[in-house]
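In order of appearance the chains are A, B, C, D, E and F, and numbering begins at 1 in each one.
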Amino acid sequence: MKKTQSDQVTALNLGKQAKLTPQLQAYFDKCREKLGFVPNVLRAYAFDAAKLQAFIDMVDDLMLADSGLSKLEREMIAVAVSSVNHCHYCLTAHGAAVRQRAKDPEMGELIAQNYRAAPLSGKQKAMLDFAVKLTQKPAEIEESDRQALRDAGWKDRDIWDIAAVAGFYNMSNRIAAATDMKPNREYHYMVRSPTAESA
Amino acid sequence: MKKTQSDQVTALNLGKQAKLTPQLQAYFDKCREKLGFVPNVLRAYAFDAAKLQAFIDMVDDLMLADSGLSKLEREMIAVAVSSVNHCHYCLTAHGAAVRQRAKDPEMGELIAQNYRAAPLSGKQKAMLDFAVKLTQKPAEIEESDRQALRDAGWKDRDIWDIAAVAGFYNMSNRIAAATDMKPNREYHYMVRSPTAESA
Amino acid sequence: MKKTQSDQVTALNLGKQAKLTPQLQAYFDKCREKLGFVPNVLRAYAFDAAKLQAFIDMVDDLMLADSGLSKLEREMIAVAVSSVNHCHYCLTAHGAAVRQRAKDPEMGELIAQNYRAAPLSGKQKAMLDFAVKLTQKPAEIEESDRQALRDAGWKDRDIWDIAAVAGFYNMSNRIAAATDMKPNREYHYMVRSPTAESA
Amino acid sequence: MKKTQSDQVTALNLGKQAKLTPQLQAYFDKCREKLGFVPNVLRAYAFDAAKLQAFIDMVDDLMLADSGLSKLEREMIAVAVSSVNHCHYCLTAHGAAVRQRAKDPEMGELIAQNYRAAPLSGKQKAMLDFAVKLTQKPAEIEESDRQALRDAGWKDRDIWDIAAVAGFYNMSNRIAAATDMKPNREYHYMVRSPTAESA
Amino acid sequence: MKKTQSDQVTALNLGKQAKLTPQLQAYFDKCREKLGFVPNVLRAYAFDAAKLQAFIDMVDDLMLADSGLSKLEREMIAVAVSSVNHCHYCLTAHGAAVRQRAKDPEMGELIAQNYRAAPLSGKQKAMLDFAVKLTQKPAEIEESDRQALRDAGWKDRDIWDIAAVAGFYNMSNRIAAATDMKPNREYHYMVRSPTAESA
Amino acid sequence: MKKTQSDQVTALNLGKQAKLTPQLQAYFDKCREKLGFVPNVLRAYAFDAAKLQAFIDMVDDLMLADSGLSKLEREMIAVAVSSVNHCHYCLTAHGAAVRQRAKDPEMGELIAQNYRAAPLSGKQKAMLDFAVKLTQKPAEIEESDRQALRDAGWKDRDIWDIAAVAGFYNMSNRIAAATDMKPNREYHYMVRSPTAESA
């Protein structure tokens, strides 16, 4: 599978990168500094600075702002949803994130394959059950589904966040599928050695 | 079906409305001026100003910014996706938008029921075929699906917008389903009389 | 969406209307008197008087004869089934019927979109849960499904009627889909103003 | 599997048989004379003479009236639809009918199991492809599906009949499933020996 | 449906039969002696003696070795799985086996049509519920599904056998579907008369 | 995710390991020598020597015997099928095998996530399209599906092997799901560094 890192990260010809605002330029610089690269999803959106900024604002709020869900739990939702939707981009990028945040390469694999096989707490299992039902059968969500989350220990405010993260990756998965978006190859190789947690 | 317009627009207890920034306050004021009310989805998000702003930024860019898709076409995608997902909120709010932008109450009904029965151009039919396949079977999108859009007259830049709008309503539908979000009742009664277009 | 009311109400060329019996002629006259038009489904069947009479006999018995279900409840089943099957004809015609019989335009919309979002009694919710499962997964109905109806207050005789009405619209939906049957445009505009019930 | 032929042919307690009209009484007598028994579906409906008459009128028109489809072809549709819906009653009763009308026990089995494995003409294969798609995905029927029938040699009038028969068994299958209707045991043993046709 | 028993039992041209080992030759001879014919699945595999031997070793262990499941129960699983997968070959061959082992032609039909309509013990019903869920939604099996089997009276060792038999026919069904494998016609006519058990 | 390598590799209590035949003992020894461990699927089957031997005979013939499919291609089928079925065990064990045989860690990930995103030859794409349709919709395989394989360059004998491997993993996936089979942890860490092929 020889390949070169080209400028084209999707199957669409979207024209060249827009002139980035200083705020976006600084964001890209920080990505390069912290990750070593700019995630391809941002490069894909970069043909239009307004769309790129709106995407960053939403994803950073969802995944990094204060929440009753840990950052790992939010990444677990991203990966469980992407597993249902078989999204190559998100499974690669967020699979790496679960491996990293869990400090456990096996957990990342498990959620990407089938969260039902993962050793989760009852509270986390309920969270992913809800996220996956919401992904597969949104029309069939009823009050009893919300109540199951409350019974497992989640607050109403957390239920919003579970829904918002699950909803977001149902969007991202589809944009990636529609455009054949390719993840940065570096993700495949991150956090692949046994760690203290997985030992 | 007696009901009163309560402050609670979802089944979740999310606490009281956050203090809105002047920018958001002005946005709400403009809604009241133009629509006569603040759409409930915005009231639902208003427990957190950052989330509300990010939502507004994304939806306004998608639905109102320059695009190869008309505003009506983008509303058609919203409704066709919401029909697959049986989303009460979005079918009500965006169904009204299709009726209004098409100046044709019947067209709004048709897209909400089954777009395949609507008298669409081949280009619009291809657009909705793609949006609906992306909604139902995102894992099965292939290059031939993108090519069908190009063959129907859409440019690559338009394909991005079709995907982004379809993806966005797959998110919104799920947030609405997860929270049992209720639309403003006014939507039901908008643009319900025969118009010049439907005559 | 300019259109003219043509004689062709389906995509099939079925030849001209059969000579109607006096009984059928009287029936059509009564439709014109009460509704202002002959429902297109009857016009579609009118190429054959025997088929038309059999259809009328069955639908009138199901929807109008004595039953433990109210006429509104039977229309609710028609619409909930048609929502699953995305049937343009039946959602339009029977959606109007729910609006009319409920004296509530919003209830008609709700059932057509997703009955799970409607403010139903537990007994009516159980009725539609059964009708929808019977529509989607007939092979999976078991005694526990019948018992759930009994527990909600339905008698065995009512269960027959729920099944018969749900079954009938699974037939009608498919005949309409197979033939691209178009509803009379008048239905779209019936009972669209807020009523005492919906106020 | 010891069992006795009881008066109860469904899981519902529908009360005793209604007083039959002379016309219905004569119909039952003819069944006993020709078949040796009254089909249980008729016994199930017999709690209400009007419903029974409407059912008989419709099914006899569909299955026995003049049509571009042979009676065997109409039975094939009944069985192919019932196979998708896994309807015990209809597979038993109409499976026997296909064995009998085809004079070929194997053909009856094949259609009940999977019509795609049966040695059908292209015209009959197209007929069952349409009936099965209409059963599984009614919302997705488009003009191209109708055209495929025309291309295979069916006239528009025949397409109506294909749709009407497929629709009818989607109704009957659901009434049988909803009520756990049991077929007369005699059907299992009819036309089970190799025939000239199957030799 | 005139047909001759040809040497080609699949739609694939797999070349001529391999030279059978004495062990396989004896096995074929025993089939002819006991059944009157060599089952076509064995003739299909006979292009390669190693594959044929591996298939025979596995199927005979699964269906005939000591087990907490009776031989009839294992055949019931074969047929219930094949019903979901609409496998012509296995429904014909193993449908005959259920008729024979149950000494009840009707039971064979019932399991092939829809096991939910069959008069099964609670233990057997639980067995088939598990086998069918494992067939349709393998990713969704959880500990509660295993526990339901234990609660119905099955031991862990039996659960393995239920899974192994259900798994095996999910394999066989697919090999038969992929190759259009035709069953020996004799199966259709075996155990078709009322028996003491069915009386 | 702390865990210890226990003797229990499934959720079932199957009793202790059977006394292995010298042939099986030698096989286990060879596994330890070549892989460093005995694959857990073999340890799971080891409660019964006959079942273990039959499993080994079949899998080794399928995956290692002469075939028109390369060993990598057979592993690709195993992984693509397991991706549809979300099988934790097989995705882990055979994902490692694809990484190893392709000498390309990314290819292993791609097939496990969604083969449609992988850079495959047309011949390999057709192979996986067939294997995945056979997994998802075995009842719908028709001659045109076989012909598509021939058109892509596969011989009839190869089609058998594609079907047999796809069928086999539909069996294995279900046995693993039914028993909650856990893969050896070592698989997660095999072939995870960039290789010459992936560079």
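One rule holds in what follows: a contact is a pair of C-beta atoms (placed from the backbone, for glycine too) under 8 Å apart; a residue touches a chain by one contact, two chains touch by 3 or more.
All of these numbers come straight from a predicted model, not from anything done at the bench.
Novice: By label order, what chains touch chain B and chain D together?
Specialist: Expected: C, F.
Novice: Please work out the Cα centroid separation of chain D and chain F, and write it as a whole number of Å.
Specialist: Here chain D and chain F have centroids separated by 44 Å.
Novice: Could you put a whole-Å number on the gap between the CA centroids of chain E and chain F?
Specialist: 23
Novice: Of all residues in chain B, which are in touch with two or more distinct other chains?
Specialist: Touching at least two other chains: 86-87, 114, 139, 141, 180.
Novice: Touching pairs of chains, which are they?
Specialist: A-B, A-C, A-E, A-F, B-C, B-D, B-F, C-D, C-E, D-E, D-F, E-F
Novice: Taking the complex as given, what residues does chain E use to touch chain A?
Specialist: 139-142
Novice: Please output the residues of chain D touching chain C within their complex, sorted ascending.
Specialist: 11-15, 47, 50-51, 53-55, 57-58, 61, 65, 85-87, 130, 134-135, 138-139, 141, 143, 146, 156-157, 159-160, 162-164, 166-168, 170-175, 177-180
Novice: Within the complex, which stretch of chain C touches chain B?
Specialist: Residues in contact with chain B: 1-3, 83, 86-88, 91-92, 102, 104-107, 109-110, 112-114, 117, 119, 180, 182, 185, 188-189, 192-194, 197-199.
Novice: What residues on chain E touch chain C, complex-wise?
Specialist: Result: residues 114, 116 of chain E touch chain C.
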